[in-house]
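Let me give you the structure first, and then I'll get to my questions.
Chains: A, B and C, in written order; residue numbering restarts at 1 for each.
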Amino acid sequence: MKVPLIYNVRSVMQRPVSTAMTALGIGLVVAVFVAMLSLANGFASALARTGTPVNALVLRRGADSELSSGITREMASIIAASPYVATGTDGRALVSPEVYVVVAMPRPGHDTLALANVVARGVSERAFDVRQNIRIVAGQRFQSGRAEVCLGTKIAGRLPHSGIGDKIHFGNRDWTVVCHFSAGGSSFESEIWGENEQFMPVFRGDVFQSVSFRLRDPAAFDEARRALQGDQRITVDVHRESDFYREQSALLGTVLQFLAVMITSIMAVGAVFGAVNTMYAAVASRTPEIAVLLTLGFHPRSVMASFLAESAVIAAAGGVIGCLLALPINGLVTSTTNWNSFSEVAFAFRVTPMLLLWGLIFAVVMGVVGGFFPAWRAARLPVVQALR
Amino acid sequence: MALVEIRDVHKSFQRDTQKIDVFTGLDIDFAEGSFTALMGPSGSGKSTLLNLVAGLDRPTQGTIAVAGSPVSAMRASELAPWRAQHVGFVFQSYNLLPVLTASQNVELPLLLAPLSKKDRQERVKLALDIVGLGDRADHFPRQLSGGQEQRVSIARAIVADPTLILLDEPTGQLDGKSSQEVLALLQRLNAEFKKTIIMVTHDAHAAEKAKTTLHLEKGDLIEKRPSGAMAAL
Amino acid sequence: MRFLPLVLANLRRHKWRSVLTTLSVALALFLFASLRSVVTTLDANSRFGAANRMIVQNATGIVFPLPMSYAARLQATPGVEAVTWANWFGGRYGDGKRFFANFAVDPESYLRMYPEMVIPEDQKQAFIRERTAAVVGKRLLEVFGWRVGQDVTLQGTIFPGDWTFTIRGVYTPSNRSIGDDAMMFHYDYLYERFQNRVTPGWFVLRIADPGRSATVAKTIDDGFRNSSDPTKTGTERAFQAGFMTMWGNVRLLMGTIGTAVVFAILMVTGNAMMMSARERTGEVAVLKTIGFTDRTLFVLVMIEAALIAGTGAFMGLGGARALYGLADTNVLGFLPGFHVSDGTLVFGSGIAVLLAVASGVVPAWRAARLPVVQALRKVE
C-alpha cells in the first residue's frame, strides 16, 4: 500500500520557509555546477569545433603547437602535390599553407603593458574553402598583395577601432580591416586573418608554420599520414585537424572540468547536510502521524519511500531553480589564454539541454542522499512509543 | 495588607472576530501565608488569573498589586526581573528544559541574580533537598518520573526564595501516588516555610489539600470555602 | 559567561544537526578561502617585480625575438647598470604532462640579475663552467625525482630534437612569487645547434634609479622604434601584471562562485537555526516566566548562531590555511606561492559574522518577541 503523495505535498506546504531554504541551497549548488561546466563546455567546444575530421594539419615534426612549427616553401609545395590532397571544383588543390604568429594587441581599458596576445594567421586564399564553416558576415575578403586583414567576430568585438575600414596596428605596420568572419563558434573567431605572403616578411621570414588541407578520402587519413611522415624530403607530423585542436584544449579543458567537479562537490556536501537537517526535523515533527500510518497498516518500506520521494521532490524543485539561475549565462562571451598556443581565445558559455538534465539529476541525487537516513529512521519508528 | 490585591479587574480576549470577556470587575485578596486552590470549569479564567498575578498578562482595567508592587502597571522590562525575584511558577507540563539536568534546571532563576557559582550551587542543593530529590541532581528530565519532574519544577520555583508560588494544574498529568507526593510537598512549603501558594486545579482531591478553595465561574467568584477537614463536615 | 552551559546544552539537543551545520559552514568557508586565494595569489604574483628591473621585449609580440646586437646598445643606455637575456625553450620532459618553464640564459649575468634565486656558490660555479649544465628549481627534484649530477633529456618543441643537460645546481627562491620549478641552461648551447634561428627572446635590465624607469623605457623604445624589431620596455612589475591579465576574468568567476557558496550555506544555517527555534517555543515561554528578559533570550539565540558560525569558520579557514601551507601548493606550476593570505582570513571571518547574524536574527527576534501567554496556552 503506497502512502498517498498528497500527504507529502500538504506536509511540505506546512513548512514553506524551511522547504524553500533547502531547495534554494540545492539550487545554488546546481547553478554553480551548470555554470562551471558550461564554461568548460564552451571552451572545449570552441576549440573542438575549430577542426574538422575531413581536414589534415601538417606541422614540423616534434612541434606541439602551430606556434613552434616551421615549414619551408619547398615542404609546402611537396605537401600540396600529394595525391592525398583533395581538389576543389576548379581543379586546384584544396590546401592552405599558413603563417601563424601571436601579436600583442592593446587590451581595451588597461594600461599599455596589459596586452592581449592575439593569433594573427596568414592564410592562402584557399583557406576560406579548406577550413570549414568560414562565412564572411561583413565586408569583403582581403585582396592579394594588400595590407588588408579580416577579423573573426569575437576578436572584432574585443579590439578598439576594429570596424570595416578602420586601421589596426601590429607588427610595425598598419592594416586595414576589410571584413569580419564567423567560424561556427570556433577559436578562429578570435583570430586576425591576412594574406600569408603579406605576413611573411613582416614576421618570421620566408617560412610557414603549418599546412592545412582537405583529405581526398577522410577514411584514408592513416595512409596519408604514413605517406607524408615517411617522405624523406620533408620532416613533418600530420594530424587530423579535429583531433589536433581538441588536444590543444586538453590541458585547460581538463583544469576547468576538474575545478567544476571539485567546487560543486564541496558545495554539494554542504547542501546535502542541509537536506539531512530538514528531513530529520520533518520526521521528528511528524512522528505521531508516521505512527498512525504504520498502525493503519502502511508498510515501513512505503513510509520510507514516501519520505525519500518528498526529499527528492524538494531537491528537484531546487534543481529547477538552479537551472533557471544558470540559464542566462548561456552565450555570454568570455576569454582566457590557451597556454598551448599562448594566445587568447574568446568563447561563449555553452549550456546544453544535456547539462541541464545532469544538473537536475545531480539535485535529485543530493535530495535522495540527504533524505536517506531520516527516511530510514521514519520507517523504523517504534510505533508504540510514538503513539504515547 | 494582603500579599496579593486584585481590585476591579477586567480582562477580555480577542479570539478571531469575537471579543470574549473573562473578568468583568473581579475583586480578590490573597493573604500572606495562604494556600489557595482555584477551581472552576474550563473557560472560567483560572489560568488567566494566574497569568495576571504573575505579570505575564495585563488586565484591561483594574489593578493588581503583589507585595506592594503595582504589577498591572509595571513595564515588561521591569516585570521580568521582578518575576525572577518574587514569583515561582509551576506548569502542568513543559516545565523542565530536557537538555539540562535537574540541578541545572533548578539553577535557571539564579542565573538572573548576581550570585557567585558557589552560592548558586548551594541554593540549588538546598532546594532539591527540600523537595526530596537531592540524589537526582544530575539526572535529565527523561530519567525522572512525572512526579519527580514536577517536584524538580517546584524546587526551581522556590530556589530564588520568592514571595509567591503559582501553580497551574500541577497534578494534572500525574498518577495518584505522585500527586500525593507533590501536594504533601506543597503543604509543607506552606506550613513550614510560610510560602504563599495559589494553585489552579480541577481536581477536588488536590483542592482539599489547600487551606481555602475559590470557585470561579464565568469570571465571577462564586464561592469561597475553606477546604480540607472543615469542608468535609 | 554563566549562560554558556544553557547555550551549549541547546546545541547538544540535536547533536547531529549542530555537527552537520557546523561542517557545512566549515566546508563553505574552506571553499571560499581556496577560491579567494587564487585571486590573491595572482595579485601577489602580479605585484612581484623588483623596482629596479625592467624587461625589454619585441613590440610586435612576446613570441618574437630581438637581435643580439641590442645587448650592447642597452648596456650603453643611460641609467642601465646591467643587462642579461634569455630565450624561451619550451621543452618537454617525459610524457610532457607536467608543464614547467625552461629557458636558455646567459649564465653569469642572469644569475647576477636575479639574486632571489639562491644557489650554493659551488653549484653556481659548476653551472657557469659547463656548457651543457643546467640549474633547476628545487621542486623539480621532487616532482621528477632528479638529483644533482644527473643527465636529463628534454624534447624540444620550438627547437626540435633531443636535448641533454646535466643538472649542476638547484635554486631556492627567496621570494614566493618566483616559481621554484623552472629550469635554466646555457644560451650558447642553444646557439651552437641552431645558429641561424636563435636570438634573445627578451632582455632584462637593472637600472640605477627605479624612479627613472619611465625615462629609460622611453629612451630605449624611441631608439628602436624605426628598426625592424621595435621594442616595448617596461618595469618587471608591469610585465608581470600583464601576464596575469592573461588569465582572463578569473576574479569575476571566483567572486561569483564565492557568492553563490556563501548564499547556499546561509540557506543551510538559517534553516537549521529556524528549525531549532520552532521546536523551543514552549521552553522560551517557560524561561520568560522564570524571569529571563526578552533581550537575554535574543542574545542567547544569537550566541548559539555565533557558536556554529564561529566553529565552522575556524575549521574551514584554519583548515585551508594549514593545508595549503603544509602542502606547499603550486597548482601544477601555474600558481607559485599559492597560500591563504591574512586578508582572506579576515574576509572569511567577516562572512562568518554575517552568517551568524543573518541566520540567528530572525529566530532570536522571534524568541524575544514571543508573547508568553499565547505560547503557554498553546503548550498547556
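Definition applied: a contact is a pair of C-beta atoms (placed from the backbone, for glycine too) under 8 Å apart; a residue touches a chain by one contact, two chains touch by 3 or more.
Remember, it's a predicted structure, so these values are computed and weren't measured experimentally.
Ranking every chain by how far its Cα centroid lies from the centroid of chain A, the top place goes to B.
Judged by contacting C-beta pairs, the busier of the interfaces B-C and A-C is A-C.
Centre-to-centre, using mean CA coordinates, chain A is 72 Å away from chain B.
For this pair, chain B with chain C, the centres built from the Cα atoms lie 65 Å apart.
Chain A and chain C have Cα centroids lying 25 Å from one another. Listed in rising order, the residues of chain C touching chain B in the complex are 2-3, 5-6, 9-10, 12-13, 282-283, 285-294, 296, 372-373, 376-377, 379-380. Here chain B touches chain C in the complex through residues 47, 51, 54, 56-57, 76-77, 80-85, 87, 89, 91-95, 97-100, 104, 108-109, 111-112, 117, 156, 168-169, going by the rule given at the top. The touching residues of chain C, counted against chain A in their complex, run 14, 16-17, 20-21, 23-24, 27-28, 30-31, 35, 59-64, 90, 92, 96, 99, 155-158, 160-161, 228, 230, 232, 234, 238-239, 241-242, 245-249, 253, 256-257, 260-261, 263-265, 267-268, 270-272, 274-275, 279, 332. Within the complex formed with chain C, the chain A residues making contact are 17-18, 21-22, 24-25, 28-29, 31-32, 35-36, 39, 60-65, 67-68, 101-104, 107, 110-111, 113-117, 170-172, 203, 251, 255, 263, 266-267, 269-271, 273-274, 276-278, 280-281, 285, 334-337, 339, 342, 344.
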